Amino acid sequence: MSEQSLLQVRDLSVSIDNELPILNRINLDIKPGETHVLMGPNGAGKSTLGFTLMGNPHYVVTEGNIIFEGQDITDLSSDKRAKAGMFLSFQNPYEVPGISLSSFIRNAYHAQTGAPVKLLAFQKSLKAAMEILSMDESYADRDLNVGFSGGEKKKAEILQLLMLSPKFAILDETDSGLDVDAVRTVSKGVEEYQKKKDGALLIITHSTKILESLHVDYTHVLVKGNIVHTGDGSLVDEINEHGFERFI
Amino acid sequence: MNTDLNMKVNVLPVFTYNFLHVNDSAINASDIEIEKLSSPKPKEVPQGVSLKSEVSFEEAGQIFRDNKERILSSTGVPGEPNGDTSARDKEQALRTGMGIDVDNLMNSLGVKADVYTVEEGVKVEKPIILSYDMQDGDGALSAHVIHARKNSEVTIIMDITSDNEAKGFLGLSTRILAEEGAKVTVVRSQLLGKEFVHFDDLGGACFEKGAIRVISLELGGKNVWTGCYTNLSEKESDFTSDMGYLRRGDHSLDINYVADHRGKKTNANMQFKGVLMEEAQKTLRFTIDFKNGSSGSAGDEQEDTLLLSQDVINRTMPIILCQEEDVDGRHGATIGQLGEDLLFYMQSRGIDEEEAKRIMIKARLESVARMIPDPELMQRVHYYIQNIV
Amino acid sequence: MADNKQVVADIDRSLYDFKDIENEKDFYRMEEGLTKETVLKVSEEKNDPEWMRDFRLQCLEHYENIKMPNWGPSIEGLDMARISSYVRHKSDMKGKWEDVPEEIKNTFEKLGIPQAERESLAGVGAQYDSELVYHNVKDEVAAQGVIYTDLESALHGEYADMIKEHFMKLVPPTDHKFAALHGAVWSGGSFVYVPKGVKVDIPLQSYFRLNAAGAGQFEHTLIIVDEGADLHFIEGCSAPKYNVANLHAGCVELYVGKNARLRYSTIENWSKNMYNLNTKRAVVEEGGIMEWVSGSFGSHTSYLYPMTILKGDGSKMEFTGITFAGKGQNLDTGAKVVHIGERTSSVISTKSISKDGGIGTYRSSVTIQKTAKKAKASVSCDSLMLDSISRADTIPAMDIRTNDADVGHEAKIGRISDEAVFYLMSRGITEEDAKAMIVSGFANPVSKELPLEYAVEMNNLIKLEMSGH
């Protein structure tokens, strides 16, 4: 079974600055093509898990390991994880004045593939992806995230997801702070990614808005750093109706 | 003509602790050969602009002497900050960032100034480009006066280049008068060779609604000094400055920028973005001076410096002087290496640390370079930056 | 509203500005001026050991050779030929309050010092003009091995070697002209030693009163907090106002040991004829913490920049300061920090208020040496202008010599917003009270760092300054 796994998380505990652990012995098993949802109340440690999987040095793994495609990546730097095919959509993406969105994606694409980027083909696929996300073309030449609204920043993250086409993507609160239309647009982008054969997803959310139109295989409930329950896609609807109370 | 340079420049508007060694800077050099004492000319002088060449430095400053009272006008009570150094440059026709020693050098060597006068209401569309194409062994001084009459607009680009290995000396003086509603933009793209000693001194004065905009890229040269003093003499005048710099090797950069708010509702915005590598040194002095009577004025000075080696020296003196209640003055500085969070964001997209640094160097410099209003020069600067990183 | 002002002003006078006539019979006053003879006379008066007498003479030489600073407020109004550097009551220092001479006791009673000692302090030292008149430390604190005494006794007691080892080593007399002056004529001040691991739960306080006209006060405070120890020291100062210049050139040297913590709080309310040219410096060893809380309200002219040397790895400092420059005042204040150790951190946060033609200057320096890897420094200074006849200048400096450091700096200057005043007035508060409330709020980050009774004193001082007296 484990041979088929894309991402395995084994007894993972995480802390910051030597404080008490934020995550306690987390286990996850994600196979190619699967969509997992991680839900839980505020402060449960959901974003911590996302950052840790992606290798943010601020979060220290005190126990356990992370295995991606059979390789232990627990100590790998985040750029190497990205090259291996992982992706994290940030809740608060960075603003970088002086570098445009398109040239940033081109840089990242080049860094990951090592191959020279064919400019025309790149521009064509960028344009197509932007269309899916109803992004105005002018955003491609604007400085990365600078002056973008909350919704535009999230779209720019999903744009990178589509362009970089990872094997496994973590979406951290991609729907937070967005209005109904923007959520719909973003989920359209995510659906597009799901269409890609074998692309796996871990969607971190504390609401259920983004999940309405997406197929979900597993749902995990994280409370106070522990996964307290795992169910199938229908758990989302249940939580939607009754909240987290019964898990707390 | 061989000259010894023994100048004290970039004097801080107010002295502070001597142990920091930032109160001024010295340009010392012996036996420098300075043979060029006039300035490059543009391919054509646009309509509505007159160029008077071969004017003595002293005479070229007459326009400022004639308007001295207006330039130094004050609607309030004059007052002095602790450690005030303004007396030193009182004799200048127009106070400049580097100060009176530049005037004295220009005068003593008989430098001829080029005076550009833009007629009232004339808006010059295309920038006037002055090409300083320096050769190895060159020694030159050059002076300009830009006088923009009422409601006129003009852009002057100083395109300063040489071979990368070239050695030499180039000193510039530019003095600007922006009359009522006039807009003067000065662009300096400095791509001198790594053995060049260079200074670039600016002084400006704005009448009502007059505006001076300065865009500078200090990418080359060995030891570079630059200063800019702008008198925001009358109401609603404006000074905006953006500088991008890169210092490598044992190169140094010494800066002194001052916005002198005299009129009401005047505005100043100074942004400095730079990168220090290897054993480079930089000293940045920038001052917002709200004189009494400058009510309703705003001033903002920001610095963002990326330090990429453990051997760099970075000094910053962000000064705000204030003798007026109704003003808004701000300063902010971020100094350090690439931020951990930003680095993580980049890495999460597969970009390694070295590449992330290259991207950030480029981003800082490009954000200023793209303000260059001449596509050809912008492209050249773009390649220059590309080559470095 | 005019009545209200009058009432407040009266409190002011009764609080700090009472004068006690010093009759010649009870007081010894050295002739004005500074010469080798006067320095030798001070030394003789104080029964110095030989090394101290020689040290004083060396300092005098330095004083004569060092130039006046070229950067701060003018000190032209200060004429050393008109300053008496030594004035003392003819009685000796007392360990019991009852024994302190009546007129001096009255002064400190009015300032509330004995009451504060009873209620909230672990020990008190009271200096009147050039000498300490009272020194006492609570028994339970003394039992922990804490030494709190006047520096003169310490020079002749069992800690003599410790004094010699530390005295003016952190602030050498060559540092600046007034450090040299201090070394030549210093008198009075306190010596505190907190032994290893001892935590003093309640603060120690020294109060300095300069009562004589045309005199100088040159007290020396030397505090050594040994490894793992913890101390809060409070310094208070005041003086009645005279028409002649007075001079305060004290010196504070603080040694913070490994993993030790020292908090040093000052509420300075010298009278407005005072030239306050004070030098304070701390050195912090590995893991130690130095905290400064500094309120500057009084003085005609001030030069005050407490300096911290973060020598040990992981040492920390925090500086919280407020300066209120009113009519006729030129207060040049701030802080200096030098990062030497790895992972050292400093936070400087200051507030400055200028009013009625007062000049307030914030001046600072942050130096990060090459060795200070992973150092963090942050500076934030806010200035508030209350009218357009005053000045508020901000003159910081940063000198950074490693890339592996994180330095942030923020400064803002502005005024009380009309909207805020309008909002408060719409709730029935007078304009004057509204402004005082906003200024108190502006000062709040500083007052909340002070023990309650000092925070109250500080807020009273702000109210007094706001009402224009």
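To keep things simple, chains are lettered A, B and C as they appear, and every chain counts its residues starting from 1.
The working rule: a contact is a pair of C-beta atoms (placed from the backbone, for glycine too) under 8 Å apart; a residue touches a chain by one contact, two chains touch by 3 or more.
In this text, all values refer to a predicted model and were calculated from it rather than measured experimentally.
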Touch-connected components when chain B is not counted: A | C
{"item": "Of all other chains, the one whose Cα centre sits farthest from chain A", "value": "C"}
{"item": "Averaged-CA centre spacing for the pair chain C and chain A, given as whole angstrom", "value": "55"}
{"item": "Inter-chain centre distance, chain A versus chain B - centres from mean C-alpha coordinates, in Å", "value": "45"}
{"item": "Cα-centroid distance, chain B relative to chain C, in whole angstrom", "value": "42"}
{"item": "Interface residues, chain C side, partner chain B - complex", "value": "69-73, 330, 332, 336, 359, 361, 363, 365, 367, 370, 383, 385-415"}
{"item": "Interfacial residue positions of chain B with respect to chain A in the complex", "value": "273, 340-342, 344-353, 355, 359-360, 362-367"}
{"item": "Chain B to chain C touching residues, read off their complex", "value": "14-18, 20, 22-23, 76-77, 79, 81-83, 276, 290, 292, 295, 307-337"}
{"item": "Chain A to chain B touching residues, read off their complex", "value": "51, 54-58, 77-83, 86-88, 90, 93-94, 96-99, 104, 107-108, 111-112, 143, 160, 164"}
